[in-house]
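Each of the next two complexes has chain A plus one other chain: chain B in the first, chain C in the second.
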Partner chain A sequence: MRSVLFWSAVVLILVYMTLPAVVVVATSVNPTELMAFPPTGFSLRWYEKALTYPDFQEAFKSSLVVMALSSTLATLLGSSFAFLIFHYKFRGRGLLEAALWSPLIIPHFTTGFGFLLLGSHLSLTQGYAVIVMAHLLLVTPFVTRAVFVSLSNVDTNYARAAANLGATPSEVLFKITIPLVLPGMIGGWLIAAILSLTEFTASLYVTASRTQTLPVAMYNYIREYADPTISAISALLILSTTIIMIVANHFLGLRRILGIDNG
Partner chain B sequence: MTQQRPFFIPFLVPAVLVAVIFAAAMFNVFQYSFLEFVPGSVEVGGFTLDNFARINRPIYYWVLLDTFLLSFATAFFALVLSYPIAFAVVRAERNWVRSVLVVLAITPLFTGEIVRTYSWMLVLGTDGVINTTLKALGLIEGSIPIMYTRPGVVIALVQFAMPVMIILLATAISQVKRDCEKAAANLGATPNTVFWRVTIPLTMPGILSSFVVVFAWTMSAFSTPQLIGGGKVLMISNVVYLQGFSSFNLPFAAVLSLIALGAALGSLGLMKLATARFERKLATV
Partner chain C sequence: MIHQKMTALQPDDCAVEINHVSRVFGSVQAVNDVSLSIRTGEFITLLGPSGCGKTTLLNMVAGFINPSSGAIRIGGKDVTNVPVHLRDTGMVFQSYALFPHMNVFDNVAFGLRQRKFTKADISSKVMQAIEMMSLSGMEHRRISQLSGGQQQRVALARAIVIKPKVLLLDEPLSALDKSLRAQMQVELIELHRNTGLTTIFVTHDQGEALSLSDRIVVMNRGQIQQVAEPIDLYRNPANGFVASFIGEINALPPATCTVASDEISLDIGNIRLIAPRRPEWQFASGQSAKAFVRPEHIRIATPADGGRNVVTGEVLTHIYQGSHTITRLNVDGLGPIEMRLPGGDVVGRVPVGLKADIAINLAEVVLLSNTAN
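On to the complex of A and B.
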C-alpha cells in the first residue's frame, strides 16, 4: 500500500479521531476562563482547581473503590468462567453464557435502571454494593474473552504432562495453567479497570450523591459550569490511558489480544 | 470434586450467583413495566397495561425514528471512515506504523464517554474550534450551529463508534487469504479491482456484523445526545432518563428500556441471519 491518496485519507481520519483529545489537552493549560484554541498562554490553574475541588476528590475515591473491587472480582469471575466454558460441557451452559455475555448487548441504561430498581428493593441505594455489582457485570465479558483467547492458545499437553507426572489438579491449575494464561488475565484486568473507571451511563443510575463516581461528578460539573476544569481532568485521563495503552501494546501486544495480527 | 472435573463446582457457583443477580435486576425492569404509575411518587400501584398504551403517541414515534436514523447514519459513516484505518492497521508494512495506528485507533475507546463527549463540545460549540477557525479564515460571519443539531450528534457518535468498528473490521481483514488477492493480481486485475472485487466481498461478513454492532450500540448511546443534543436531539436513552429522574415515572421508563433492549436484540438477530447467509456464500468460493 503505497498510494499517497490512501495514506492521506488515513491521516485525515486519524486527525478527526484524535482532534478532540488534542483540543482538550490544549484548552486545559489555557489561563483564561473562556475556552481558547490554540491556548493563549500556559497555566496549571485548572489542574490545581480540578485536583482540589472537593466533589472530584470524593468522586475519585469512590471511583477507585469501585474500580478496584469490580475489576478484581471481574478478573476472578471472568477467569474461572472462561476456564469453565473452555473445559466443561454441562446442562444450562448456554443459558449461563447468555446471561454473562448479555451485558455487552443490553443498553447500559437498561442495566443501570435494573440495578437501581433492585437496589431500592434491597435498600442498598446508599452504598457501593450495587455499583460494584453493576460494574462487575459490565466488565466481566472483557476478562472472559481475554482469558478464553489465552486458554485457546495454550498447549494443553503441559497440563496433561504435569498430571501424568503426579501433580494434583490444584498444582496443575496454580503452577501450569494460571502462569500460562497470566498475560490474558492481566490484560483483561487492565481493560476491566479502565472500563470501570470511565463507565458513566449505568453509574448515573446506581450512584447516590455520596457515592458518585468521577464520570458522574464530571457530568454534573459540565451541566453547571463552563470553565476548563473538566479539560484538566480529561487531559489527565487521556494521557494516562494513552500511556497505559502504549505500555500494554509493548508488553502484551494489543493486536494479538484483539486478534487482528497479520497472519 | 471428581477427578475428571476438578474445580467444576467452585468455578460454577460464583458465575451462577452473579448471573442470578443480573437476571433479578433485569426482571425488575420487566416487572415495573406492568406496574401502575402513581403521579408524584416513586411508589407504584398494581398491575396494568397502561404503560404500554402510553407509547402510542406521535412524540414517542418520533423519538424512536430519530434514534433509528441517527444510529443508522452513525453506523454508515463509521464504516466508511473505519475501513481504511482497519486496512492500514492490518496491512501497513512497517511494524511501528501498525503499532502507532492501533494505539491511536483504540485509545479513544478507553477514555470514557464523558471525556469524549466533553471534548466534542469544545470542538463543535458556538465558540468551539470549528467556528473560531472558520471565522478566523473569514469563511463565515456568525457562528454556524453544530451543537444541539443532529449532524453535530452524529459527528461525535461516529468518532465514538470507530474504535469498536476498527477492531471488528481489522479482525475480518486479517483473515482474508492474501493468495486470493495475489491470484487476482496475477490474472491482471488492477489494485483497485482487487480491492473492490476481492477484498471487500471477502470481508463482507465483517462489514455487515460491525455495521449492526455499531448500530445497536449507538441506539443505546446516552451522554452524547444528552450533552451535545442538549435536549433538542432526543434519543430513547434520554427519554428513559427524563421519565425516570424528572417525572419519576419509573414504570414508563421501564417500558422504554424494554423497547431499547428489544431493538438491540432484534438487530443482532438480523445480523446473525445476514452474516450466516454471506458465510454460506463465501464457503463456496
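On to the complex of A and C.
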C-alpha cells in the first residue's frame, strides 16, 4: 500500500517535470502542418526543415559563438570573484557579493534593455560584443557559486602544506588550489554554457538580425509560421543540451560538478 | 637517574628560539608571553588540553599565524616577518593534508621540486624517504588508496625529505587506532634518532608526550606551566595543574606542615602523614601545603608498616586493567583515593564495601605550597 503511494508520487513528479518537453517533442513528429497533440502520425520532415532552414543554421552558429565566448569568459571572471571573496576579507566585500548576485534579482528583460541602450550609445548593436557582455553578466554568478562551493570543500591545510614545502602564494594557487577546484570550474563553465545557449529574454534586445541566437530565431519563426518546425528545433536543442550533460557526467560526474558531495 | 644539567645555550646550538611571543584572537589571549629555546636535534613536545595555545604556537613557528608581539628565530635567523614558504620547516598535519590530486611519489617530491633539485636527485631522495617509511612499491598509488597509517607515513616522508631546519608535528597520531598509534610512536622515536631533526611535537596525550620527548613543555591557558624532561616532569611537577595533567595523581586536602630535621609531618584533620624531607623543599612549620600522591605509591598495608602513613578506607570499585587493577576507596578525612595494584595481586582485592588499610608511600610525594595554583 505504502509502495503504491510512493511510486505514484514518483511517477507524478516525473510526468509533471517533463510534461511540456514531452508535448513539444510529440508535436514535432506530426506529419501535417498543424501543431497537433497527440500527433496524428509519424514523420521526420520538420526535423529536416529545421536543420536546413537558413535562419536556424545562422542562429545556431551565432549561439555557439556567444556560448563559447561568454561561458569561457564567465569561468575566468567568476572563478576570480570566487577566489577573491573566499580568500580575502576586505572593505566592500559584502557589496561585491551583492553585486554578483544582482543578475538573479534584476529581470533579464531589464539587463537586455540596459545593454541595448548602452550598445546603441556605443554603436555596438550590430556585433557579438554586446550579446556576449549581456550573457557574461547573466551567467557569471553561477560560475562564482560553483567555484565558491568547490573552494569551501577543499581543506585549507592543502594550501598551508604546499606553502610549508616552499611554494609561493602563486605556486600554491596554480599547483594546488586550481587543480583541486577544477571540477567546480568545469561545472560552472557547463552551467554557463547551457544558460547562454538557452537564454532568450535579454538576447531578444541585444541581438540584431545578423547576430540573432537560436532562441531568438525560434521566436521570430513562431511569430510568422505555426508549423511543427519549431517543435523539431526545440527537440534538437533539448537533445544537444542532454548530450552535453551526459558527456560531462561521464567524464567528471555531475554530483562532483554541482557540488552535491564533497568528492 | 642522572640528568645532564642544562647549560646556557650557545646561539648556534639553538634551532628555534621563541621570544616573548603572544597572540590575541579578538578578546582571547591564545598565547600569552611564551619564551622557549629549542636545542638543535631535540625532540620537544608541546603538551596541554585543547585550547591551551599549543597549536597556535606551532602555527606561529610554521608562519601560518603571525604573533601579536614577540619574535621567533629559526636557525639563528629572525623569521617573525618571513613568509611560510621561506621558513624551511617541515609540517605534518593532523589531517595529513596529502595532495589528493597527486600520487605518493609526487607528494613526497613536492618540496624537493620547489627547491629546484635535479630530476635524478629528486628521484633518489624521494625513493630513499619512501623506503625509510616502509612505503616501497606504493610510490604510484593514489592517496585515496592508502590506509590511515600509510597516509601518516607519506606525510612524514614528505616533511623529512626536504631536511627542514625543524620538523613540526601537529597531533599526527590522533587519527590512528590504538595499536597503530603505539607502533607509530616507536617509529617516530627511530625516525628522530636516524634523522637527528629538531622536532616540535604537539599533543594533548600525556602518554605520548612522556614516551617520545627529550623535553616536555606543559601549557595551559596560553602560558607555559613547566618545561622539563619527562621523568622530571612526572616526579617534580611545578604546580597543581602539571601534577594533575601528567599521569594519574591523588590531590589530598590542604595540610599543615611541621618541619623536623629529616622529615615533614603533614596534618590533614586527624590524619598525620610523614614524608622524608627533601632539600629542595622550602616549607616552614605551620605553613599550609598541598600533597599529591600517585596511585602506584599506595598499597595494601602490612603489619610491617607499624601504622606509619596507614589510613583506612572503604573500597568503592575495582577496575581490572590486565597488568594492574585500579582500586578506588573513600578515606575519611582525605576523600576519594585511587590506588594501583599489580594485576595478579588478588590478595589486595578487598571486596567492594569493606574497609581496607592502605599504606601511602610519601618518599615521592609531590608537595606544593597551598598558594600556588
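Keep this in mind: the second predicted complex is superposed on the first by the 229 of 263 C-alpha atoms of A that agree within 3 Å, B and C clash if a C-alpha of one lies under 4 Å from a C-alpha of the other, contacts with A are read in each partner's own complex, and residues count from 1 in each chain.
Keep in mind that, in the parts below, a residue touches a chain if its C-beta (ideal position, glycine included) is under 8 Å from a C-beta of that chain, and two chains touch if they have at least 3 such contacts.
None of these values were measured; they are calculated from a predicted model.
Of the two partner chains, chain C is the only one touched by A:Pro179; chain B is not.
Counting residues of chain A touched by each partner, chain B versus chain C, the larger count belongs to B. Of the two partner chains, chain C is the only one touched by A:Asn157; chain B is not.
Contacts of A:Phe42 after superposition on the shared chain: neither chain B nor chain C is touched.
With both structures placed on the common chain, the touch criterion links A:Ala167 to chain C but leaves chain B unconnected.
When the two complexes are overlaid on their common chain A, residue A:Ala21 makes contact with chain B while staying clear of chain C.
By the touch criterion stated above, A:Ile106 is placed in contact with chain B alone, chain C being left untouched.
When both complexes are aligned on chain A by C-alpha atoms, chain A residues 169 touch chain B in the first and chain C in the second. Those residues of chain A whose C-beta lies close enough to touch chain C in the complex are 155, 157-158, 160-169, 171, 176, 179-180. Within the complex, the chain B residues that touch chain A are 1, 3, 5-8, 10-12, 14-16, 18-19, 21-26, 28-29, 32, 81, 84-93, 98-99, 101-108, 110-116, 118-123, 125, 127-129, 132, 159, 162, 167, 170-171, 173-175, 191, 216, 219-220, 222-223, 227, 237, 240-241, 244, 250, 253-254, 257-258, 260-261, 264-265, 268.
Listing the residues of chain A that touch chain B in their complex gives 1, 3, 6-7, 9-10, 13-14, 16-21, 23-24, 27, 34-35, 37, 76-77, 80-81, 83-84, 88, 90, 96, 99-100, 102-103, 105-111, 113-118, 121, 133-134, 136-137, 140, 169-170, 172-173, 191, 194-195, 197-201, 204-205, 215, 218-219, 222, 230-231, 234, 237-238, 241-242, 244-246, 249, 254-255, 258-263.
Partner chain A is touched in their complex by these residues of chain C: 62-64, 83-91, 93, 95, 97-101, 110-111, 114-115, 158, 162.
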